[in-house]
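Given below, in the form of structure tokens, are the structures.
Here come two complexes built around chain A, the first alongside chain B, the second alongside chain C.
Right, the complex of A and B next:
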């Protein structure tokens, strides 16, 4: 109480002691503390839901849902055609489907990876995450896992539609199951690879628009360059060059791995996909890229800001 | 109709800090690619058109157009700092035109000029292919900048929308549905390249008068509409 407004103490009564901290009844929290694993799980589920706009505004649901629809629609059409014309084999391979719609997957990563990490950087909420009982590794693992899971949902759902459709059309069960399993392995690898690349690029900039452009550039420009050179190599009959050039873009990397190990037909020009030996290099490079992007993310978040 | 201060700010926003990096990487990649192709196969007109048409004009120019066009205005609207600009006694059409000029400048510098150099690297401008594609890249830069600047004022997801147009509409639908090619900036600019280059070196799906008319119409309409949008801009918070 400021001195001017203090009423003079009544004579005879003792002056009340000044500078007292009053106990106004705040209580300490003595409920259960949910701890680090819970915080990590929450961050994972929030990021995964956020990647499809769930729990966010209606406007931010539009784009991921449209892309999800675009991803599933061709599968539904393929199944409808296969059922109505009584084919005994699906007209599109399980492993080929994701390559076929790589542009949609690329757009999804480009739109959602910056959404997942750039906004935290821009609104400076990263320090708030780290004031919770989570460590750097938890943040990185949760974001990485959420992005990879979102991509897996995006790429595996159409395969599931194809598989269910194929079984309903009474196609050969073991053949379809094998193809489906191979497709799942391939899209798992693709999801991890794309999520890693997308997050690393997105975590470098707090501006979402710029992150989107950077991610799509990293995913499509190498593909454009690689397929241009591959076509030129095809004209000059340099088939070994075609085989090795695929190492230099993410989607051709996946193509190479599944051609070598998952009995897929390659979409390299002239069908000159890698054999098992070259394929091992492809697989190594893909795994190294995934591990490398995890390492880069860990390094990136050593500092919370930019 | 041109404000140097707005131009300077836009320029800094586009090329400041590490943002210029991605703009440098793309042309550098094109030049490396051209040099590698030249060394692998020697000078060949078909290879030159496939690199310049398939990579430079189809992928690089739209991508740089998206970055420069939406980047000229998008981030300012996104973080709300555009109100400080709008509060100044500068006409909105002037702001749009200035930003358009800067976006065109950046796109031309980072896409048309490297295309010209790449053309010379690939086949030494035989049949005028290098000049033809550089010209096409220049006019395409103008149209792309205007269209993507408009997108930047219309939607918060301007970059994604621009990419959907540039990659899905022009590349995917353009290769599947012939009709879609008539409505693509790439084909309009190719019409100019077809006229400039030697006979039969470049093929376009639209005639030159139609292409040029549509290019001009698209640029003018997009700019006018962008100015109109900026006059009636409402600011929204982050979703």
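Right, the complex of A and C next:
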């Protein structure tokens, strides 16, 4: 008979403590221990899920899911219009789509990069990770890869919607496939670059609010400055300056690379995008920034253990 | 090394003149110590080098010189293997407030290499063993300090390690929580068969929990001995007597009489006992059964009233008290089996300044 039916609670008598430790026998674990690579994969998948609020509270799902919806909605509308009006060409380029919605991507990075790294720093979970088989490089690689993958999902999904829609509207298959592939290369580079910049900035501070503000600032201020100076250069007919100025903000960097190599039309003022030679510099700078962010993250976590 | 006396002798942790120097401080200074299976207390004031030692043992921080082995694995080269078999509970808060204990511990189990299903099963088991039930599904932000400490312990145990390193597990707990945590730590060894290295700056709580105590100070080994050696080999008898007209100070008269009878005795300092009457208490070293008779006869001969006579275990704090003056005398053979030299008792008795002693006394006074 359960104790509560046998001994009804006497008023004024304290109930037995609920946190009594019952000894129901300890079982040892003899199963496999999957080691470092598995731990790194686990951290990767946990961080990737976390970037969309999965496995976390309902509240933390709201913002990433809204941004994901905002990112996909225009693509769905474009597809709906294209299918219903029987266009033979999509009204928006695959490569242009991410640039068009760069604000949404920026907001997503600003919200989720601090979520990914600042939390671990703030709640001092990092030492716990380093007391496990993984090393510093595993932590940085897992976090970087997870953030880049999350961004890739965010930016590639609308492209996929466009592509599927274009095929449903019976547009030219090879043309659409080529455009889609170029778009995917472009958003891959964009995901890596934005993930790197976002994580480096976010890892500087354990305060999430500062992280959000700092990421927004780093992504938007250079863009504003570059666009303004490019427009001034356009008015003074200095087209070379327009070409080179794009190096100084992340999004124009991507624009430059895809204009030079991925047959995209540039959004630089006056359409003065970089040619192949200048484009090579753009590509190098973009890759150097990605490598640099990785290096900075490794440096950042050198002292963060325990 | 001449350790072959015990049959089941195995070292869990072995360090050999382990040093760690930072540009300005020496955190560890030629520390050589062997730790056997069981519950081992690592005692030292804040900044004594406890956390540095744990970092080195986990293979996270290279030693400046010397070497260390954990479970027979060299910390310098096989850190990842060590961390797979060792659990670590940090001193500071390390729990994200917006996830539940279950999710957090499952994640940590997977980070230790457990496959997903095993991670979930062991999480449920481990949380139950540390005494977390329904609340384990709630976000940890709403937990009490005691519950948080349990989750921290659970994440250190979830992958069934052979050794756990617990950094100040009783920090911030009230006396009841402290007792529960200490009982839990004891059970980690007795019931789970996991060796424990637990750090604390309170000696008193360790004497009840640990089989062995290592004391470090300023990065140096002060002492390393089993708890039994301190508290049983040098047992003593507390005697309290009344004063009489012929002997206005009964305690002093008895002290003289006992010394005359060849017994080593001394007045108990107030700090040693904590009770107001301890100024009138004599501590008599217990030689054999005959000691009781000698004391009884001495009291009777003096015509004093015997208020109490009780057997008392020495507390670790008392034993270490006199180590301050000659701290590194035991470095070479930290596990030396000799009991605390009895002649040294009186020496350090009155000069007990310093915050460390305050802490020790604070920890021991409730142990009576």
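The criterion applied here is as follows: the second predicted complex is superposed on the first by the 274 of 306 C-alpha atoms of A that agree within 3 Å, B and C clash if a C-alpha of one lies under 4 Å from a C-alpha of the other, contacts with A are read in each partner's own complex, and residues count from 1 in each chain.
Quick note on the criterion: a contact is a pair of C-beta atoms (placed from the backbone, for glycine too) under 8 Å apart; a residue touches a chain by one contact, two chains touch by 3 or more.
As the structure is a prediction and not an experimental result, all values here were calculated from the model.
Student: Of the partners chain B and chain C, which touch A:228 in the superposed model: first, second, both, neither?
Tutor: First partner only, chain B.
Student: When the two structures are overlaid on chain A, which partner does A:35 contact: first (chain B), second (chain C), both, or neither?
Tutor: After superposition on chain A, A:35 lies in contact with chain C alone.
Student: Contacts for A:103 in the overlay, against chain B (first) and chain C (second): which applies, first, second, both or neither?
Tutor: Once the two structures are laid over each other on A, A:103 reaches chain B alone.
Student: Is A:135 contacted by the first partner chain B, the second partner chain C, both or neither?
Tutor: So A:135 only meets chain C here.
Student: Which partner does A:119 contact after superposing on A: first (chain B), second (chain C), both, neither?
Tutor: both
Student: Could you look at A:271 and tell me whether it touches chain B, chain C, both or neither (first, second, both, neither)?
Tutor: neither
Student: Looking at A:26 after the superposition, I want to know if it touches chain B, chain C, both of them or none. Which is it: first, second, both, neither?
Tutor: second
Student: Applying the document's definition of touch, where does A:207 land relative to chain B and chain C: first, second, both, or neither?
Tutor: The answer is first: A:207 touches chain B but not chain C.
Student: Given the touch rule stated above, what does A:55 touch, chain B (first), chain C (second), both, or neither?
Tutor: Touch partner of A:55: chain C, not chain B.
Student: Which parts of chain A are touched by chain B and by chain C alike?
Tutor: Looking at chain A, the two contact sets intersect at 56-57, 60, 119, 123.
Student: Across the complex, what residues on chain B touch chain A?
Tutor: Those in contact with chain A are residues 18-19, 22, 25-26, 29, 33, 36-37, 40-41, 46-47, 50-51, 54-55, 58-60, 63, 66-67, 70-71, 74-75, 78-79, 156-160, 163-164, 167-168, 171-172, 238-239.
Student: With touch defined as at the start, can you tell me which chain C residues reach chain A in the complex?
Tutor: Listed in rising order, the residues of chain C that touch chain A are 51, 54-55, 58, 60-61, 80-81, 83-84, 86-88, 90, 92-99, 103, 107-108, 110-115, 118, 122, 125, 128-133, 139, 146, 155, 159-160, 180, 183-184, 187, 191-193.
Student: Could you pull out which chain A residues touch chain B in their complex?
Tutor: Going through chain A, the ones touching chain B are 56-57, 59-60, 63, 103, 107, 110-111, 119, 122-123, 204-205, 207-210, 212-214, 216-217, 220-221, 224-225, 228-229, 231-233, 235-236, 238.
Student: Would you mind writing out the residues of chain A in touch with chain C in their complex?
Tutor: Chain A residues touching chain C: 18-24, 26-29, 31-36, 38-39, 42-43, 46, 55-57, 60, 119-120, 123-125, 127-135, 305-306.
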